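Labels for the chains are A, B, C, D and E, by order of writing; each one numbers its residues from 1.
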Amino acid sequence: MAGYVGKSTANSEPFFIRFILIILTITFLSIFLILPLIAIFMKAFDQGVNAYLASNADPDALSAVKLTLLVVLITVPLNTLFGIIAAWLITKFDFKGKSILTTIIDIPFAVSPVIAGLVFILLFGAQSLLGQWLISHNIHIIFAVPGIVLATLFVTFPFVARELLPVMQMQGKAEEEASLSLGANGLKTFFYITLPNIKWGLLYGIILCSARAIGEFGAVSVVSGHIRGLTNTMTLHIEILYNEYQFTAAFAVASLMSILAIITLLIKNFIEWKSKIQS
Amino acid sequence: NTKETNQDVTAGDKKKLEILNVSYDPTRELYEEFNQEFIKYWEKETGQKVAIQQSHGGSGKQARSVIDGLEADVVTLALAGDIDEIANTRDLLQKDWQSRLEHNSTPYTSTIVFLVRKGNPKNIQDWDDLTKENVSVITPNPKTSGGARWNYLAAWAYAKEKYHNDETKIKEFVSKIYKNVEVLDSGARGATTTFVERGLGDVLIAWENEAFLSINELGKEEFEIVVPTISILAEPPVAVVDKIAKKKGTAEVAEAYLKFLYSDTGQEIAAKNYYRPRDENILKKYTDQFPEIKLVTIDEDFGGWKKAQEKHFNDGGTFDDIYLPQK
Amino acid sequence: MKKKNRKIKRLSVFPGFGLSLGFTMLYISLLVLLPLSMIFFYTSMMSWSEFWETIVEPRVVESYKLSFGASFIAACINAIFGVIIAWVLVRYQFPGKKLIDGLVDLPFALPTAVAGIALTTLYAENGWLGQFFSFKIAFTPIGITIALIFIGLPFVVRMVQPVLQNFETELEEASAILGANRLQTFLKVIFPELLPAIITGFALAFARALGEYGSVIFIAGNMPMKTEITPLIIMTKLEQYDYTGATSIAVVMLIMSFIILLFINGMQWWSNKKFMQ
Amino acid sequence: MSILIENVTKTFGSFHALKQINLEIQTGELVALLGPSGSGKTTLLRIIAGLEDPDEGIIHFGKKEITHLHTAKRKVGYVFQHYALFKHMTVFDNIAYGLKVLPKKTRPSKKEIESKVNKLLQLIKLEAFANRYPAQLSGGQKQRVALARALAVEPKLLLLDEPFGALDAKVRKELRRWLRQLHDDFQITSIFVTHDQEEALDVANRIVIMNEGKIEQIGSPDEVYEQPNSPFVYNFLGNVNVFKGRVQNGKLFNGDAELPVPDVTHSENDQALGYVRPHELSIVRNGSLKEAIKATIAHIHTVGRAVHIELKRKDTNQFLEVELTKEEYEDLKLRTGEEVFVKPKHLQIFKGN
Amino acid sequence: MSILIENVTKTFGSFHALKQINLEIQTGELVALLGPSGSGKTTLLRIIAGLEDPDEGIIHFGKKEITHLHTAKRKVGYVFQHYALFKHMTVFDNIAYGLKVLPKKTRPSKKEIESKVNKLLQLIKLEAFANRYPAQLSGGQKQRVALARALAVEPKLLLLDEPFGALDAKVRKELRRWLRQLHDDFQITSIFVTHDQEEALDVANRIVIMNEGKIEQIGSPDEVYEQPNSPFVYNFLGNVNVFKGRVQNGKLFNGDAELPVPDVTHSENDQALGYVRPHELSIVRNGSLKEAIKATIAHIHTVGRAVHIELKRKDTNQFLEVELTKEEYEDLKLRTGEEVFVKPKHLQIFKGN
């Protein structure tokens, strides 16, 4: 069963080592990934299929799904735009402070999601000057959709850029230079040459970004205000269900999210498979 | 269904009347029912349609959200202290808010009881039993959970009575209980899950209404409620957030909303949702559900929330003493 | 006739330097730097001694130990198994490989609270797995570590995988021809090449684990001085309306994470410098 | 060490990379494997090194059959096309690697290793570079390190895969000379792969020409250059002018020309190809219209004492290449654009088209 | 189009990549930029193409100064070292690209584009490959596509960066011939970069030899090969034997030899280097001990009508390379291992050491 995909016979391990490593991998991933996933589905179907369907058809659940999708639809394009522009900046130009800029892009990975939410409260909350001004002008940022969007933007900020940086670095500048020397302007060069070359990496980044945007809990929880039907995303809806002893419903919605996650992963695999075929 | 009514109104006429009730976690079913009744009532009284938005979350977190700008017309929280904080930090309502409505602005109350496993295998009857060495106790962390603070104070009240105000002994008693705590969840729901689902602990200290809820939701056959001899009167207060209501032009309806909690309809709904109604008559109707206990109050025994919070739960308070290594 | 040109020098043939620099800086400033500056701003409202007292309080210090310790162990385990998993996924063929490969990203997509609850279900004393162990897993530092392993898992795997994919098999062959056995080849030739990717993955997993809240609190037990993680302390401070206390601890965490990232970047830079030019 | 390869066959999936290869190499020989891209040179080398298992056939090193011996035990030196130096090791450590991974019993002491590596460093003239990393070396230097690394374990057989592939002509020349000297000094058997005809002719004792997984010809440089045994070899080895036509009456009918064919072992009326190397063509100002080809001089250039002249045929518009000595060229006083006649001195005929 | 480059200087950080470059190229010329790796060839080409800005200096295309004109507006054809074909476009789309991105006003119609691209495909003999992707082409084919792509926009100036860098000697030769023909047909000005001496000598009208960011010599292939103006150029262009020594009494004292120096414009007692190309050395069986160099024949190999002989000097152990014609070689009946005498026919002396 354990075959080897390498090129040469000199590079393969003895059968039993291969076997042990595969078993180790499967065991480890079973314990840390597959069992939790099964647990979620088991809990979700605890009270049968009908209860499962009902929980996901609940209007609060539906509005949470809608809000989550709205947030994804706003944040992912914005971060994608940013990711492309930042990657363009970092890979096509030389300037001072480039390495610092690159590190700053990593920061949101290192910030606790709770803090990520808190900083927006501190910035836009009624206790800050800015917040007071906003309130007196009736502009709602936190405890409203913009706040949720901002927090999600923050948390998912590095994904596209991080994904594109190595791709574009490896890509080099030659094709773009060729395009420019053939008389194409910057925009045409970007759309005809750069974009087709980075499209798979870009999609990979978008998928990871979307996955995290859908799954984000901590940061969003802080800025949401938890208003039923208005500012509850799917993860917050799950929290509320959980807090109301509706465990089955909570897990039903969670399983829905796992399915969403698995679908994105399938898309990603499909994309990778397709890009392999192309090259 | 509240939801549909909300949407109807949101989409409806321009002079839409909308209030936001920022509440704490286990009041969802209470208010879901109550809001519908109130909408009907209000339309009958004034001809106006009102939409009610609900927000639920940890009590402290909800208070913080209001402080930070969540525009609540009314707050219905677990602790007076949380509403005090709103009054103090942002002057959104008057400092004497608690005297504006009857019964300390608390239309319904609850108390702290024990949830034990069917048949009460460890024979837990009262607070003393929680200090025994082989008893494992589940209660959430008073630092992160508002409800848990009532648990702590209830135990304290019992010991206070038992040891006649001997502070050292009281502390020792409460400390013994908390030494028996196996898991200190961050919220009441976490604690319930730990007790019910994970099968940890012999006794869960819980609000009466939550104990009922969990029995109903999670298994009548598996658990029973034990009522201690002394407990505390848990008073989840309600208040109109004056400044916001005034700004939104909802002061009148908000006031009426809370007053309606004191009406027979309101009291009935509270009782049905396992909160002890203030109305004696209605309470009597539910005596099966609410056995009599000797209840101390926070104002009389602890000098109000502010003092209780400072003494017990702030950093360096008695709760910290229990866990911190003794200097 | 020597003529100095005085025209403005183009930076590059590529257009859009000013535009992209402007946009990037604006976006980063508004979305990352400005909000993050708030925690420094709030912290600065404390006096130095208040700040110091807050961040060295015994419970807080105990939580640092736990958070850093558990995150470190989790990141180490992720580093080791991340390499094994990446190796198996790249090098071996076996049924179900595609599925496993796809699942590796799951921790990114799953709400952390759900992950926490699911893991607690598995590892509680009466849980599916917990019942087989004679010692407690959930509600102990072991449980915390398990949750942190879960949420950091994709980082190392996804960092090492492409490097291994692009690894020149010729280097392994060269080593084999020179008489090295498989283990020697791995340790002396392959591992050093993977090291930068492993370190980066380790650092990201570690940083994320330090900040993790949602999944951990369910499995932690949250006992002060024993199983209380630093993000929970921050939450505790917030529950007491102690914003400055919360931000001061957040500042400590942020600075530590930042130093770790910077250190890793520095190492990368140093090794690039050493080997590449 | 002598090498015997018998009936070696190798397929990748359904693709036949090597077909029935038979080859014998004597101790001390320097053999070049020459052939176009994809002809199986690397594959053969890898099979000899034990990096790939043959599907069929056997391989002997000396008297020992080693067809399935693990590569680590064959003790061959292998120099990879792209050097495959260990990037994170210094030059010194790269060279020392093969000694350091020896089992404890046979491993030399640290001092011995050091002195051995230093000797090799001296040999490759990189003493001063011992502590550099591969990335800090030029192509030629890398190449030499790769060689030293292969030599450190004192292999009896040295395999080199396009060792000079990516180098500057000048550096290449230098290394070639150096390789030959090294080979002579150490008296090891060497096989090296190249697709550069000139390089093979220059360096090797014997040349093996491969095409599509088969050996086309084996012989000394002179043999394969002067007596190619197939059109492929003719074509592949350096410049050649091809005349395609029909053989009749001892003549090759090609375009307007009728070129005399030396030995008419060919049956009449056969389609045939005539091959002539540039130096086997002469240019004359006047020629009998039939035996010579009328052409215009398109380009002239001189390298050393040779003058390369490119001409365009009047009849078929094809190009011809002629090589003259400087003296001949100066005698003729040729100029670009001029019309002249080209005559083959020697025409090699192969059947087919 | 003629090109004038004046005082062009370019630094990268503190590194001087180009130092005061002056160069004039006439319309229709085919100029080769020749030089070792890192000498600034690519940088100069990129500056001409507008892909890099010079720090100082000006560039004229014809009468127009274009020093700071954006590359997209220069209308030069640029063939990149590694082709830089658009991977995701077919051969057809690659070639059509420059036409498709023209502004709407000047853009030809779809049909016109198609017919133009088809003509170019015919020219590069890849009609059948129009719908392939670059990954499906061999190196030589890619190269031709890159050329066609550059030609599609009808540039007045064609810049080629090591166009034949990675190719097989045979394919290389073919492409070279093709490039020259193309150049002659289209009469465009071309500059091409190479580090292959032979290639430059073969293809170019004029050769520019660069070293360390400076131009060492400009001249026709014959000029630079026969009259190098510096030791660097001598050394760089093909094979050369160097004799280092002291000049005294019209003689170069080198090892045990005293080699006669033709013109003694050199002051006495100077340290000097004598350069001799392999074909400028002759081999004799007996020589006067002083004027000839005693050496052992190390290696002999034949390429076409030339025979390359490598010898090891008796006195200094250095190697010499001699090129003979086949006739000379056969007359002498030389054999490996024999001791003979080597005599320079012509010695070029440069001062210094």
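Everything that follows uses one rule, which is that a residue touches a chain if its C-beta (ideal position, glycine included) is under 8 Å from a C-beta of that chain, and two chains touch if they have at least 3 such contacts.
All figures in this text were calculated on a predicted structure; none of them were measured in a lab.
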Task: Where subunit A and subunit B overlap in contact partners, by chain label - done: C
Open item on the list: Can you give me the shortest step count from subunit B to subunit E, moving only between touching chains?
Closed with: 2
- [ ] For the pairs C-E and A-C, output the one whose chains share more C-beta pairs in contact.
- [x] A-C
TODO: Please report how many Å separate the Cα centroid of subunit A from that of subunit E, as a whole number.
DONE: 53
TODO: List the centre-to-centre spacing of subunit B and subunit D in whole Å, with centres computed as mean CA coordinates.
DONE: 90
Task: Whole-Å gap between the CA centroids of subunit B and subunit C - done: 39
Open item on the list: Two-or-more-chain contact residues of subunit E, please, as numbers and ranges.
Closed with: 50-51, 70-71
- [ ] Quick one: which residues in subunit A touch 2 or more of the other chains?
- [x] 8, 10, 127, 177, 180, 185, 242
Task: Contacts with two or more other chains, residues of subunit B listed in rising order - done: 67, 89, 193, 197
TODO: Using the touch rule from the top, collect the residues of subunit B that touch subunit A in their complex.
DONE: 1-4, 6-7, 20, 25-26, 28-29, 53-57, 62, 65, 67-71, 89-90, 187, 189, 192-193, 197, 213-214, 217-218
Task: Complex contact set, residues of subunit E against subunit D - done: 36-37, 138, 166, 168-170, 173, 177, 180-181, 195-198, 201-202, 221-222, 225, 236, 238-239, 277-279, 298-299, 301-306, 308, 310, 319, 323, 325
- [ ] Please give the residue numbers of subunit A that touch subunit B in the complex, ascending.
- [x] 59-60, 63, 121, 124-127, 131, 134-135, 140, 142-143, 225-230, 240, 242-247
Open item on the list: Per the contact definition, I'd like the list of subunit C residues that touch subunit D in the complex.
Closed with: 168, 170-171, 173-181, 184, 188-189, 192-193, 274-277
Task: subunit A to subunit E touching residues, read off their complex - done: 174-175, 177-185, 188, 192-193, 196-197, 278-279
